[in-house]
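The structures come next, written out as structure tokens.
The following pair of complexes shares a single chain, subunit A, combined with subunit B in the former and subunit C in the latter.
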Partner chain A sequence: MIVKKIIPAIGPIFAILAALITGGIILLVIGLDPIRAYSELFKLGMGTYLGITESLKRMVPLLIISAGLIIVFKAGIWNIGINGQFLIGAILVGWLAPLLINRTPLYLSFLISGLIGFLGGAIWVIIPAMLKAKYEINEIIATMMMDFVAFNFTSYLVKGPLNAYPGRFPQTTIIHLSKRLPHIPFTDIHIGLVVGLLLIIAAHFFVRRTTWGYEFRLLGENKRTALHAGINVQKVIFVGMLISGGLAGLAGANDVLGIKGAFQAEWNPGYCFAAVPLVFLARFNGIAVIPLAYFFSFLMVGGEFMSRAASVPVYFVHVIEALMLLFFSVIEYIQKKEKLFWKS
Partner chain B sequence: MNVIEMKGITKRFNDLIANDNIYFDLGESEIHTLLGENGAGKTTLMNILSGMYQPDEGRIYVKGKKVNISSPEISLNLGIGMLYQHFTLVPTLSVLENILLGTNKKFFLPKKEAKKKFNEIAKQYGLHMDPDVKVWQLSLGEQQKVEIIKLFYQGLDVLILDEPTSVLTPLEIEDFFRMLKSMKESGKSVIFITHKLKEAFRISNKITVLRRGKKVEEVDLENKTEGKGKDKILNQIVEVMFKDVEPIEEAKEIPKRTMGETVLSLEEVTVKNDKGLEALHKVSFSLRRGEILGIAGVDGNGQKELAEVIAGQRKVSSGRISINGTDITNKSVKFINNKGVFYVTDDRMGEGCVGNLTLAENVILRCYKKEPFSNKGIILNLKAIEEYGEELIRSFRVKAPTAKALVKTLSGGNIQKALLAREFSQQPIILICSKPTHGLDVMTAQFILNEIKMQSSRGTSVLLISSDLEEIKELSDRIGVIFKGELLDILSNEKATREEIGRLMLGLKRKGK
Partner chain C sequence: MEILRTIFSEPFFVTLLGGSLTASTPIILAAVGENFVESGGVLNLGLEGMMIIGAFAAFVVALITKNVYWGLLSGMFASVSIAVAFGYLVIYLKVNQIVAGLGIYLFGMGIASLLFRIIFGREFPVVQGITAKTPIPYLSEIPYIRSIFNQHIITYISLFLLPVSWWILYKTSYGLNVRAVGEKPIAADAHGVNVYRTRFITVMLGGLLAGLGGAFLSICDLSFFVDNITQGRGFIAIAIVMLAKWNPSRIFYGAFLFGICQSLTFGLQIVGLDVPREFILMLPYVAVIAILTILARNTHLPGAFCMPYERE
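Now for the complex of A and B:
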């Protein structure tokens, strides 16, 4: 029984190992010491309090975004415009949260700010969602195009009307440290992590154990069967995209309220490029997302440490991420071919 | 001399032995039939000959020379071509373009020469056809002719025909057999794959019977030296084909029913197909309680659209559909389901079910929002769903290891049983069955027909849409014929002869004549 549950994890684990080995070869080729680089990566990223705390903090937006992606991807809808939805959610919160915090009880203002972030992300996906649901216009192109609009629009807002410090580096009003998301007791990690974990588990449950999730899965596997079953396909597409956009916006709220304290100009963390591969590596399984999200954020955090300690470029972790995905595709292919070996 | 000799062919798929030490010979100008139930290994054996599969053991000789057929191309170069059950034509190209596809090596299409050659072939074998017509405009029977011409065009000597008659109407089958004879006379050799005994007898020189991957009998119909009559040989084959298997399901009689009031009525319903062209033109009929109305017709004459429009999957352009007096025109699938109308689609994998979900998840398609399968229509009750799956597996004799098996791992017949189980268990008032036994073996087919009869005897009205005249005749009270989107005569089953219906199916006799 347990073996059966572990077998699907072999693919991602193998992909990670193969990526690290290939990455090591690349380091050798550019004249760096892979053993030293990796030992710094793991020692600083996983072996220090700071490394672990930072990694756990960094995984929060990935968890929240992945929760939304699992739901839409299961329905076969590809919302690739996470970055834009994130930025819209973040800038709305960056603008409104400082106003709320001074007028309403702190916890209520967090709640409302989260809602604002969610709504911001959801609003940003309404146009692609309508185009997809009503006219079957490709959502990949539409959501991606909205990214560019979002980036430039938020950039205009933060440098213009929403800039709280004219003449200085443009950003929204900085939320005082004492008014940011509280920490989980005995740690330096804000409660966003709890929210993120709850959301990813909820998404997992939603897809597998609810009638709505069943409709999403039917649509994702075979649209004609969904129509045969009388499922309102347009509604599923619309709701699914709104949920994923909204959660991207909520991740924006998390970053503003828990980490940055403001929306700064030229800020675009590009979580989409980490979350999409992550969700694929996890095979759309919410529980599997958790360790993988940790690993991805460990790579990001550890990569920064490593670049300082072993003078390896920060971008090297992107190389590892890309290699992981490539190897994962290869393994998927082999598994399909060698069903006997992997299954049964 | 034998054109083809296959000696000791064995092919395994994991644990399954699809072909077990099979010997098969094909002589010149001979029609050799491979007879057997679905899954007997006929298609596998021929896929080996056409280079699709490699045998695990055994040797193949073509015209006395040992060959290694490692790809379909090698098979074609040896003069062997296969006509598949599923056609490989491109619908938007013309007949001639389709024939040149894959055979033409030049940059520009040699249309003039090709047309000349095409017409020669067509004339020789009586395959009349316009080379410039687009393939999507052709019926399945005509598409099959295109496939055959394509094989001849490549200059092949050996033709493998996989269940070629399953898409043809009775009259087309006659034509087809005439063509086979002229092929034989012109020196071609034919391997004819079928599960229909009668056809095998009419046309073959030799019959090889396969069962569960093994060759169980070979009969030479030319030299009946053992002095046996035709009937005796027939009995002998039936015995080897079905010996020791589960007893063949007897065709059940439908108990006498009194037809009740009208439950479904269509009034001048006009519908467009996916291309936006008119697929149904002013179709009107009514269905009474407990009645089985057969809709016969060659595939692609509007049957799919008819079923979909009643089931709510397609919009009506004009006209009215009502159930028990309630107007259901352009209502949603769920609304129509709630009125007791359920549709068993003929496109089992494409539409009927989801291969990557389990059997249990597939059978709750119509009831997942109801108790006990979900709590208040929100949280799925996995245990109840699984139990329900197991229950349907038992009552419909679906061969599946458990209800947790993925549907894509089941055979076509078992998927069909699961689909029927799903719709039947909803206690339908009206059941639309589209080609319910298509591609299934005799036993499964009979089981399914019996289940439909049982439903009818409980008062369910059935709309049976099929191109198989035999099942239409066996089940229906009345028979309507659909041709080019129009419903021609509706005849009572007792009065209608097969020939009459067959002619109507081809549009040879119009209403009122």
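Now for the complex of A and C:
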């Protein structure tokens, strides 16, 4: 029984190892010391209190975004515009949350801000969702285009009308430390982590155990079957994309309320580039997302520390993430082949 | 009135038209390549990553050798080597094309930024004085439209490629093979067409042209390199191919429209109109979405689009 549960984890672990080894070779080729880089990465990212705390904090947006992605990816809908939806949610919260916090009880304002973030992300995905649902227009292209629009649009807003400190570095009103998301008792991690974990578990059971989730799974497996089964495919696509966009916006709300305290100009954390490989490595399994999200956020945080300590640019982490995705796709192919081999 | 007079002034037209053609060149090149790839039944989502790698390699080599053509060649070489990996993954290993494409996109973006930091640190060098435009005699002196005939040689080549690739794809036996492989690979195989090899060649061709487009962008158009230099041009090229319904000669309209949106920034600056920069930068993407909404209601995808071919 236990063995059966471990076998699916072999693929991702191999992919991670292969990517780390290839990354090391790349470092060697460009004249950097891979052993020093990796030891700094693991020492600073996993071996220090700061590294662990930061990784757990950075894990939150990844968890929230992945909760949306496992739902749509399971249905074969590729919402790649997470970064843009995140930014729209974040800037709306950065603008409205300071106003709310002064007027409503703190916890109610958190709740409303979360809702605003969700709505912002969902609104940003409406056009691609409609194009995909009604006219089957490639959602990868449409969401990607909306990404660039979002980046420029939020950049305009924060430098122009929403800039709270004209003449200084453009950002929205900074939320006072005491008015941000409270910490989990005895830790330095805000309660977003609890929300993120609950959301990913909820998404996991939504996809696997509910009738609605079944419609998503069926659509992902075979569109024709889904149509024959009487599923309203258009509705499933539309709702799915709205949920995933909304959750990306909610992740933006989390970052503003829990980590940054404001929406700053030139801020684009690019969680999409970590979340997409991560969700694939988890094979769209919400429970598997949790350890992988920690690992990916450790890579991000450790990568930043490493870039200072071992002068390996942060982009090295992007390369590793991409390699993981590529290796994982190859390993999936090999595993599929082997299954056929054993059957015949 | 004053605004109208400046908009219809000669410098504005010259900047706009010339700039549009230059800006549309990388898109045309990438889109023509992608047209072949997609007609063969493969979706290359890694196009953006290939363009970035091409742009980077071309920039570095052009900076060192001070020669445009070495730069362009190495851009193409770098991009093709990535295309080989992509083609092997999706055609021979039958990996999900979307996953592999996204992987190549992320890899290209990451590795170019990584290597740029390693080589240049915090500096942002510029390639200067190595690119020259080739004016066409007499035509490049016509007022208002003179800048159209004063372009880099690659721009002329890319425009020439449009009808040529239409002819190859729709009038030659090679083009017929490509389309057959994309439409009904089983039938093509039965006729003795090597499905894998045909697709692999289109993917390499796509990589070659994407690399040339990226190289043109970094050394001829911008003359510098920044992170994520293509700014979605690869994805726009994919969208344009779909809008052109796999007819290469129609690619021009989409690409030129993108070019106009791009060069409007400089055009409006010359006229002195004060539109926030961000809004002008948004234009190309808004245009793509608008046109997708209006036009692409019933595009016909190749029959075996995005499906790996498994030989029995």
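Annotations for the structure displayed:
By our rule, the second predicted complex is superposed on the first by the 339 of 344 C-alpha atoms of A that agree within 3 Å, B and C clash if a C-alpha of one lies under 4 Å from a C-alpha of the other, contacts with A are read in each partner's own complex, and residues count from 1 in each chain.
In this text, a contact is a pair of C-beta atoms (placed from the backbone, for glycine too) under 8 Å apart; a residue touches a chain by one contact, two chains touch by 3 or more.
Since we're looking at a predicted model, the values are computed, not measured.
By the touch criterion defined above, A:308 reaches neither subunit B nor subunit C. Once the two complexes are overlaid on the shared chain, A:176 sits clear of subunit B and of subunit C alike. Of the two partner chains placed by the overlay, only subunit B lies in contact with A:225; subunit C stays clear of it.
Of the two partner chains, subunit C is the only one touched by A:318; subunit B is not.
Of the two partner chains placed around the shared chain by superposition, subunit C is the only one that A:273 touches, whereas subunit B remains out of contact. Residue contacts after overlaying the shared chain place A:235 against neither subunit B nor subunit C.
Within the superposed three-chain model, A:209 lies in touch with subunit B and out of touch with subunit C [touch as defined at top].
The larger set of touched subunit A residues comes from C, when the choice is between subunit B and subunit C. On the subunit B side of its complex with subunit A, the touching residues are 14, 311-313, 332-334, 336-337, 343, 345, 347, 350-357, 361, 365-366, 368-369, 374, 377-380, 382.
Listed in rising order, the residues of subunit C touching subunit A in the complex are 45, 89, 93-96, 98-100, 102-107, 109-111, 113-115, 117-118, 231-232, 235-236, 238-239, 242, 276, 278-279, 281-282, 285-286, 288-289, 292-293, 296-299. Across the complex, subunit A meets subunit C through its residues 26, 30-32, 78, 80, 127, 131, 135, 137-138, 140-142, 144-149, 152-153, 155-156, 159-160, 273, 276-277, 280, 313, 315-319, 321-323, 325-326, 329-330, 332-333.
Touching subunit B in their complex are the following residues of subunit A: 208-214, 217-218, 221-222, 224-225, 227-230, 232, 340.
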